[in-house]
Every structure is written in C-alpha cells, then in structure tokens.
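The structures considered in this document are given below.
Okay, so subunit A shows up in both of these, paired with subunit B first and subunit C after.
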Partner chain A sequence: MQTPDILILLEEIVEKVWRLEAFLTEIESISVEEDKELIQFYRSQIRGLKQRLEDPITEIREGQEDFREYLRTYFDVCSHFQTMHQQFWLFVSLPKVYPEVYTFVHSLFPRNQFEDVEPTLVYCPIYNFGEANAIDQFSKLGIFLDKGAGDRVILLLPYVDFRNPMMWTALAHEMGHAIEKDKGIVGSILPELPGRKELEPLRRWLKEFCADHIALRLMGPAYLISFISYIISLHPYFYVPTLTHPQPHSRIEYMRTYLERNCLFHPKAQHYYELFQELTAFYKVSKFDLQQLPTEITSPCPTCKYEYKMKLPESLKRFPELIHQLNEQVNSISFPDVCGTEDLRRAEKLAEDLDHGFFISSYKETTMGEIRHHLNELLTQNTPGQANREEIYSVLKLIEDKPNKVSQIINAGWIQKINRQIDKFQKIFEEDDSILEEKFNTFGNYLESISYNIQKSIETSKIHSLFAPGEKQ
Partner chain B sequence: MILNEMQIMARLLEEDPDQRIVIIPIIDAKTQFQPASIDLRLGTDFKVIKNVGFEFLDLLKEETGARLDIANYTERIQIPYNGKFVLHPEEFALGCTLEYVKLPRDIAGRLEGRSTWGRAGLQIHATAGFVDPGFSGSLTFELQNVGKVPIPLFPGLRVAQISFYALKDSKGSFIPYTEKPYHKYGGRVETVGALYYKEPEISILRKIHKEKRT
Partner chain C sequence: MMDILEITNQIQWNTDLSSLANRAQYGLNLARRGKYGPKTIEHLSAGIRFCELVRDGAAVVASGKITSDQLGVARVFSVLEDSGVRPKEVKEKVEIVLMLLEAIKNMEKVSDREIDESKDFLGKLSDPYQKAAHGALSFLRQQEGLY
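Now for the complex of A and B:
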C-alpha cells in the first residue's frame, strides 16, 4: 500500500464519521430535553473516533509509513462507526427522510413509467442500503397481507447518507431489485420449481447482478465508485461469496466490463478500482473466478484466527451461461435517462463548475462565444426601440439553460471529489495551529457545501424541467 | 447606472469570469427578462419560526448557545419539488431563490418583489434587498404575508426580480462581499437564518455585559 491510498482510506472514514455527526446534529434539532444526555454521550463517542484518526493522519504527514498499524486503526474505526450507526435508533427519535431523496429516485424512475414500483423511503439502522416490501417481511412472521399498500416498495437508506447524494446511487441498485421482481426477469431465466432449493443461491446472485446492471445503466461509473466507497468500510468478512451475494470482486469486475464495453470506464473509476484491489490484497482475501467456481471456499479472516468456510451449490456453475440472458433482458428495459459517454463529458465540465461553487443543475446548448456574437450583431445594428422583437427574443432564447440529468450531476460530484477532496483533506489536516475539532469542522463545512450544492442541483434541475418552455411535463 | 435587459445579457455572457454576472439556471428567458431586471424563482428550502417555548432572543449568548437557540426556535422545512408552502396572513418565513447568483466586484444588485405577488399581499424582503458586489450563492427571501388570505407558494414561481447597478468606478469595490472578514452568508446555497452571533459588535457587547455582571 502507498501513502496516497492510505490517505484516501482515512479521508473516506473521516467523511463518514463527520456525516454521522451531522446526522446527530439533525437529531438534536428535533430532540426533546430528555434526549440531550444521550446525544452528548454519542457526541463523546464520535469525538473518540476522531481522536483515533488523528495519529495516523499526523504520522503520514510527518513521512512515517507504518501502514499496517494505520490500516488496523482504519479497520477499528470503521467497525466502531458501524456499531454506532446501528445503535442510534435505539435511543433517540429520528428525523424524516428529506424530499430530495425522493426527487433523486423519481428523476431516474419517473412515476408515469414505473408506477407499480413507486417507493417509499425509510432509514436503515445498519450501515446498508436495501429494498423490502411489507408482504415479504410479514410473511416471514406468518402474517399474510393483501396486495396493495403492503406491496409498496420500501427503500432503506442508512442514516449516514441522509444528505449525501453521491451515495444515493445505491438506491438505483435497490430500485433495480424492485423492477426485476416486478418484471419477473430472473424468474423468466430460471423458473422457480418446487423442491429445487439448491437453485436459490443462483437466483439470488442473478438478482444482484440484475440490480447492478440497472444501476450501471442509469448512473455509469458513479455507481461503481460509490459501491467501492461503501464496500471498503465493511468488515473483510463481507469480501467472500455467500449464498445470498456474489463476491464483491466479481461484481466489481462485472461493472468494469460493462463500463469498458460502453466506453464509460472513467479514469477516476480506475482510481477506486485499484484501491479496492490493494485493500483486499492486503487483507489476503482470495478471489474466486466465476468461470471456475469451487464448491467449497475458505478464506482467512485478516483480523482474527477465524477461517471462513462455505459450501457453494453446484448450481452456481450455471451462472456464466445465464448472465448473458440476464443482460439482454435488462438492456431491453426502457429508461428515460441512461448514462452515456456524452453525459460523462459533460460531467467533467460540471465538476469544474462545482469546484468553483456554482450550481450544476443546467448547461447552455450554445457556447457563450456564439451567443455573444449574436448579441453583438443585434446591438450594433439596432438601438432600443428599433430592434425587431422576434430578433431580440431569438437571441434571448440562446441564453436559456437546459436541465442536466441526475447521472451527469452525480458523476460530476465523484469526479470533483477524486480531483480535489483529498488535497483539501490534506491541506486542512496539515494546519499545525488548529485543534482537531476545528479541522473536522472545516472539512465538514467543505463537505456540507458540496453536498448541498449537488442536492440543490438535482432539485433545481427537476423544477427546471417542469417550467422550461416546450419541456414535457 | 441601472442595467437594461441587453446590458444584463451582455454581463451574463462576459468573457472575463471576474466581470461576469452568473445566474443559474435561466429557465425561460422570454418571460424572465424584464426591461431592467431579471425575474428569480422560489426554491424548496424554508425556515420558519417556532416561538412556542422560546422566551426571547438572547443576543449575548456565546456562539454554541446561540447556535442551539437558533436551532430551537427555527425549523427547516424542505418541500418536494412538486409540493407547496402555505404562507398564512401575518406569518413570516425565510426562503431562498431557486437560482445561484454571483455578482462581479463592480455590480451591486437590488432584490425586489414582483407586482403580481405584491398585490396578493406577498412581501419577499423586509430590509435586506441590497446585494453586495462580489456576493455569490442563493439569495434569501424574508417572506411575509401582509394580506388577509393564505398564499400557497410553489417552488419555481417567479416571485422576485433582481436589478443591477454598475459602480461608478469600473474597477469595482476594493473589498467585495466574500472577501470581507465578517461576511456570513456568501457561498451558501441553502436558506440561512440570522447569524447575529457572528457580528463583531455582539462580541464586544457580550464582553461589556459580562464585565458589568462581575
């Protein structure tokens, strides 16, 4: 592992800790007097996490390279962060989910096209995204609900990402599950047969790849990057294949192949891709090839003596032959906004605007130079009162903006983050004369301004599309 | 000098970014451009006052206490893009523009309401309509319904207009807004409440009153 990679990992966990604290502040604003003591207790726990992160950041700055130790600290803070995340709901009341999250989902999955899978959103105590419906949940308890309200899709959002649109890409994956279920995609490839329980892991894996494929089509490289950003904070225990989920390595390779085939593999995605490879190599996680999947896997736990063992059913060997059929079906679903190469080109430009603090909700079809040229022509040939109104309006029309797509905005956010955030992080934490809490506040203010900007850009672009002349309502 | 619509447009297209007026997004130029101003729209982010259980505004509290007071007596309301915010008669709320606005160092702005909404009883600012040269961010509305009937406010409505004044010295202000040591609202894109605790006079008063007590 190299110094920059360790710094990225530390920056990632610093951001998560700050976001957890921001959620606590949100809780505090709606809390009752009796909650205050517990909130203070949580705050002191978060302070403890920050203090643990201070040493590795300082030492790396001073040129020390005790990477093994820093990774241990990283791993401990990640574990503690997840435990704290899980405990919040037990003791304090929770705020409601912001409407911007709904706008994000509705922009990708418009109501008129995906009426049957229109979701509601709730917080998830575990640091995880998910998709559920009440019928399935209650049937596990032997209570059988009727279709209707009980069948509504429920998306689960972790507290920490309550105001982090760059991670909402995972909701596109979760909506992918709902769409797959609604359209019966996996069922059509691998019909459910009574008494064939051994096919269930294969079915679950296909469902995961299907949801990944939908998220990739809509979000492009932003989905891959956010997936890695999420997965690197999990216990290495999650890096092996299970009966419900394929190995993250396989999913990442699948995503990479999709992006490369569609000329969407952005160099910034490579950055996170390599980081994941290095981290798992450091943890000595075995990588299992989907083409030659063994029926039994073992993998050592990097943090204890435990050895992970799992039997995989023979049926999983059919996976490579079925994945092509799956891809064809997913590609045939029509989405209003699929992420393409042009979107990434625009995202590059938007990332610069975002860095300057501008909104990235819209773009101009005509270049500023061209509009300037038309305006100058109009002004040199006419004086007020003389100019033809139609001529004036045709020049004014050129200055109008067009709304950006959600995928452009989110990809711009990730490009900006990879280009700038690590430098910003280093610069803030290099300040010798400020105390740790101030450094966290400064970095937090920076993160908050970027997140607000992206959130507001998504919201503004949606309102823009409603009011723009000639736009479909 | 107040800019006419074509001068506004020329400034929006200015080649030099330091001289450029930025307004993002411009959704419908034909309706938004007025003879000497440009209309602005209402955003989705509001702040309302929760006065129940709050006795008075203690201006002299230290920053942490003041922040908590503000959090306790204001409530942030974010409405969906297709939702509405109903402003009842005599009610006050903070809102903000849908647009991001940035002014160069030689242009000042003046935020005003629009006649249509004024006639319905809607005021969009009380005292803070002046926009300093160099400002950037969303503009805050001090919304008040001085009429007799509730007014539903929908995000995207053109409730305000901004006119632009060129400073007599074309080099502009020596210290634009965001370079001022005590600027509080620059660069913010959300609705921000009163950050009175950051006023330098408040720190002096805090000190004087502390000494008086001891």
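Now for the complex of A and C:
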C-alpha cells in the first residue's frame, strides 16, 4: 500500500489556515469595537494551529517517516480549522463578498441565458458550499412570501475561500443545483409521487450527479481537483454514501469517466485523483459499487458521538439505470463556455505565465516572432504609404489580444499550483534558520499574489470580452 | 436535532483530546532521538494530561456511580466506550503509559520498544476522538451543500 503524499496534504492545510487568517485580517480592517477582542482570540488560536503543523513538517525535514502520525496531525488541524471557521459567524463585522465572485458566476451562467437563476452570494459558517432558495429560506422562518414576490438563488461561500478563485469552481456545482431545479431535470426522470418518501434519497443523489456534471462541463478537471481538495479535509472514514449524498468515490469515478471520455483527464487531475485513492486505501475505506449497494451502512452521527447503522432504501438500486437519462438531459443544456481540450492546452501555457507573475486575462494567438515576420513582409512588399487598409489590418489583427475563458484561467491556476506551489511550500518550510511565523508569511505572500492575479484576470477577461467584437454577454 | 453550537463544542472537545495524544507521540519521537528541549516536555505533558483524563474517566465509569462533578471526565471516556473500549482494561494500560511518560519527562532511560508501544497505544486510543470529531463535521456538511 502506498502512503498518501503527506506533503500535498500539509500544503493544503497550511494554505487553508493561512486563508482563514487572511479572512481574519480582512475582518480586522473593518472591525467594530466589539470584535477586537474576538479577533485577538482567534489570532492566538491560529498561532496554535501553525505550531501543530510545525511538528510534522520538522520531522519530514529531518528525514523521519512516521506518516500515520502526520496524517493524524493533518486531520486534527483540519478539524480545528473547521470549528474555528464555524465560529466566525460570531463577528459583527464581515467583509462584503468580493465582486469577482459574481463575475466568475456570471461568466459561466450569463444573465441573458439564465435569468431565472440570478444568484446572491452569502457566506457559509460551515466549511461548505451550498445553494438555497430565498422563498424556501423565508418559509423556514415562518414568512410565507407570495409567489409573485419573485425568487432568488442563494449561493453559500465559505469564509476561507472569499479570495480563492480556484475553489469557486464549487459554485458552478451549486449553480448546477439551481439550474436542475429550474429545468426540472430530476423531476422529469423521477417524478415526485405523493407518499413515496423512499424515493427521496435517490432523487437527491441524482441531483448531486446532475450538479457535478454541470460543473464538470464548465470547469473540466479544475472541478475534480477542487472537489478532492475539499473532500480531503474530512477523515476518509466518513467517505460513505448517505441519504443526501452519494459516496465521494462514486462521484469522483463519475467525474474521471467524464473527463477521460472527453480527453480532459489532465495529468494534474490524475495527481489529486491518486491522492484520494491512496488516502482511502490507507484507511481501508470500502468503495460501494453503485450496481450492488448494501442495504445498510455505517454513517456518522453527532448525537451518538460515533456512528450509527443506516438503512439505504431499495430504490437507490435504480440509480445506474437513471444516470444515463440524466446525462442526456444535462448534455442538452446549452452553455456559452464549455471546457474543452483546447482550453486545457491554453491553460498549460497560462500556468507558466501565472508562475512568472503575469496576469492571464488574455492571450495572443500569434507569437511575437510570427508578428515580426508578417510585419517585415508588409514593409518589404510595400513602399511607405503604399500598403492598403486590409493588409495593415491583417497584421494588426495578429497583435490583438483575445480574452481568456474562466475555465482556462482556473485550470491554469490548478496546474500552476500542482506544478510549483508544493515545491515552493517545501522550499519555504525546509529553511532551517527562519522562524515559523516568517515561513507562513512568505508562503502566504506567495499565495496572495497568485490568487490576486487569478482573481483580477477573471475580472479583466470579462471586461475585455464585453469590448471584443461578437462577444456580447 | 442538535444545536449547531453544541455540535461545534463537541467537535472541538474531541479534537482537543485527539490532539493531546498526537502531541505526546511527537514528544516520544523527540525523546527517542535524545532531544529533550522545552517542546519535548510540553508534548509529553500534553500526553500526561490525555492519559490522566482517560484514566479518571475510565475509573468513574468502572465505579458505576457518577457524581455531578465527575460528568466531565465520564464524558471523556464515553467516546471510548462507544467504540468498544472496556474501562478496567484501558485504565490499567493507561497507567503504564502514564508512568512511562512521566519517566521520560524526568529524563529517565526508557527502551525504544517501550516508546514504540506507547506511541502505538496512544494512537489507537485517540482514534475514536478523531473519528467522533470528523463524524460530526461530516454530519454538518451533509445537511446542505457540496458534501
């Protein structure tokens, strides 16, 4: 059995802790008096988490290989991180959701095409992404809005990812839920029948796969990678099917199949896919076959501290036969920017630019060498002032920048992260002479600059596309 | 349905216990390599605290009578009990590890085998706490959302 790549896991949690601290800094910049003491309290808690992470990092640096112990630290810190995240709702001051998040969502789901699922974004205290419906939420509070009041999709974004565009891919999944509801996709495959409650888990599983499929179509491998990045913050022991969600294994296999079939299973996605496989193998987590689901499974439960046995309804066995119908329906939805192989090729190049600190909002189809060649041709074939308008414009067209798609930018971000960020992490934290806080700051500054470039590239590419001919959205 | 704050407290409580045991493992690693700095002592003290809590909890549960001031330590043991650990057995083993941790803290010579066995035991004993914490996290995630 192969040991999971502990360095990737440590890098993942170091990044999450740093992002949580960055959110706290953002709160501090707008804080009211009542929050000051709380901010200091959470700062000290975060210092404690960093100190916990120093132990496995130091041991690895010194050549030790007690991976089981390091994994234990990793999952403890993941748990501390998530409870701290949950408590941030105690703050009076919370920063506004960054406008780039809206730009991200609108680029994938343009208003003119998806006006019925116009979203509002709010923070989610639980480290989770979600989608809710305004009318439903009000009715839970006992406020029953008139149907004419209009509806609104509410997307939930965890605090920690407030400035992390690479995880916004999960919002594509959440918008997928809104679209599924709007188009009644699952309802058309499995009509709601009164008194048939046992069909509800099946319906919910189909909804999850539907949202995954939509996110995959739009974001390609970036969605699979970000999903794994999110999932691995939970102990593999709980990667089980539940009444609301299929087992993560099934979802990840479904994503892999989609990506492979569409020649989109990028080696970097494979990297994270293997990490997931190694983790589950290490903890001997059983993978449930969708064709032969058991009737009873062990499920987590907070009320009995440990776990309980849960019955899976027979109806879930119909899942494999329905998934094909679901795929057909999702494939028939028209999206302006579906992620394809050409986008990944572009993302590869953009990842290098990103690594060099460049913005990646646009690209040139022609290289500078080719432009020079065409310009020389134009100048040698014509005496000054003789070239006609078309000839001049044909050269100028080569100079023109084209805006990048959101999927290209985000995939470039993930490729860059897997190519370089883990090495960078190792390099910074391997330095013997600097103190822990300095290491975190250096790594944090690096993360900050990459995230900022991606965030601004999304914004700039959108503005660019509004001015580009034939790209009105 | 439990209150979200109560679940959060429970997660934190279980993670704190798991972390105490995990820190002890690092303390033992350092001691095994002959490193007796302040960090080693801090980590070993965390392990001692963990063992004391488990021992006291097991003793209270084994006695069959729990007074109101003992509810806290009884609760520590209840997680282990749920995972099938028996109070009398665990109490005896924990006392051995506790003595060993104290000895190492006082820089007494202890064999590598004893250190490895203690590390292993602490790992197994803290496992239910880590799982209980993540079980509750998993439950919260499933209410709504991505997973």
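Quick note on the criterion: the second predicted complex is superposed on the first by the 421 of 473 C-alpha atoms of A that agree within 3 Å, B and C clash if a C-alpha of one lies under 4 Å from a C-alpha of the other, contacts with A are read in each partner's own complex, and residues count from 1 in each chain.
Methods note: contacts are C-beta pairs under 8 Å (C-beta built on N, C-alpha and C of every residue); 3 or more make two chains touch, one makes a residue touch a chain.
Here the structure is a predicted model, which means the values were calculated and not measured.
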Using the touch definition from the top, say if A:443 reaches subunit B (first), subunit C (second), both or neither. neither
Report for A:73: first if it touches subunit B alone, second if subunit C alone, otherwise both or neither. second
Looking at A:159 after the superposition, I want to know if it touches subunit B, subunit C, both of them or none. Which is it: first, second, both, neither? neither
Looking at the overlay, what does A:242 touch: subunit B (first), subunit C (second), both, or neither? second
In the superposed arrangement, does A:205 touch subunit B (first), subunit C (second), both or neither? neither
Between subunit B and subunit C, whom does A:276 touch in the aligned arrangement: first, second, both, or neither? neither
By the touch definition at the top of the document, which applies to A:429: first (subunit B), second (subunit C), both, or neither? neither
Residues of subunit A that lie at the interface with subunit B and also at the interface with subunit C: none
Taking the touch rule as given, give the residues of subunit C at its contact with subunit A in the complex, in rising order. 2, 4, 7-8, 10-12, 14-15, 18-19, 22-23, 25-26, 29, 43, 78-79, 82-83, 119, 123, 126, 128, 130-147
Listed in rising order, the residues of subunit B that touch subunit A in the complex are 4, 6, 9-10, 12-13, 15, 22, 24-30, 33, 41, 43-45, 71-72, 75-76, 78-83, 98-100, 102, 136-138, 155-156, 187-190
Taking the complex as given, what residues does subunit A use to touch subunit B? 28-29, 98-100, 102-103, 357-359, 361-362, 368-369, 371-372, 375, 378-379, 384, 393, 395-397, 399-401, 403, 449, 452-453, 456, 459-464, 466-469
Going by the contact rule at the top, pick out the subunit A residues touching subunit C in the complex. 52, 55, 59, 64, 66, 68-69, 72-73, 75-76, 78-80, 82-83, 86-87, 124, 126-132, 156, 170, 173-174, 227, 230-231, 234-235, 237-238, 242, 244-245, 248, 300-307
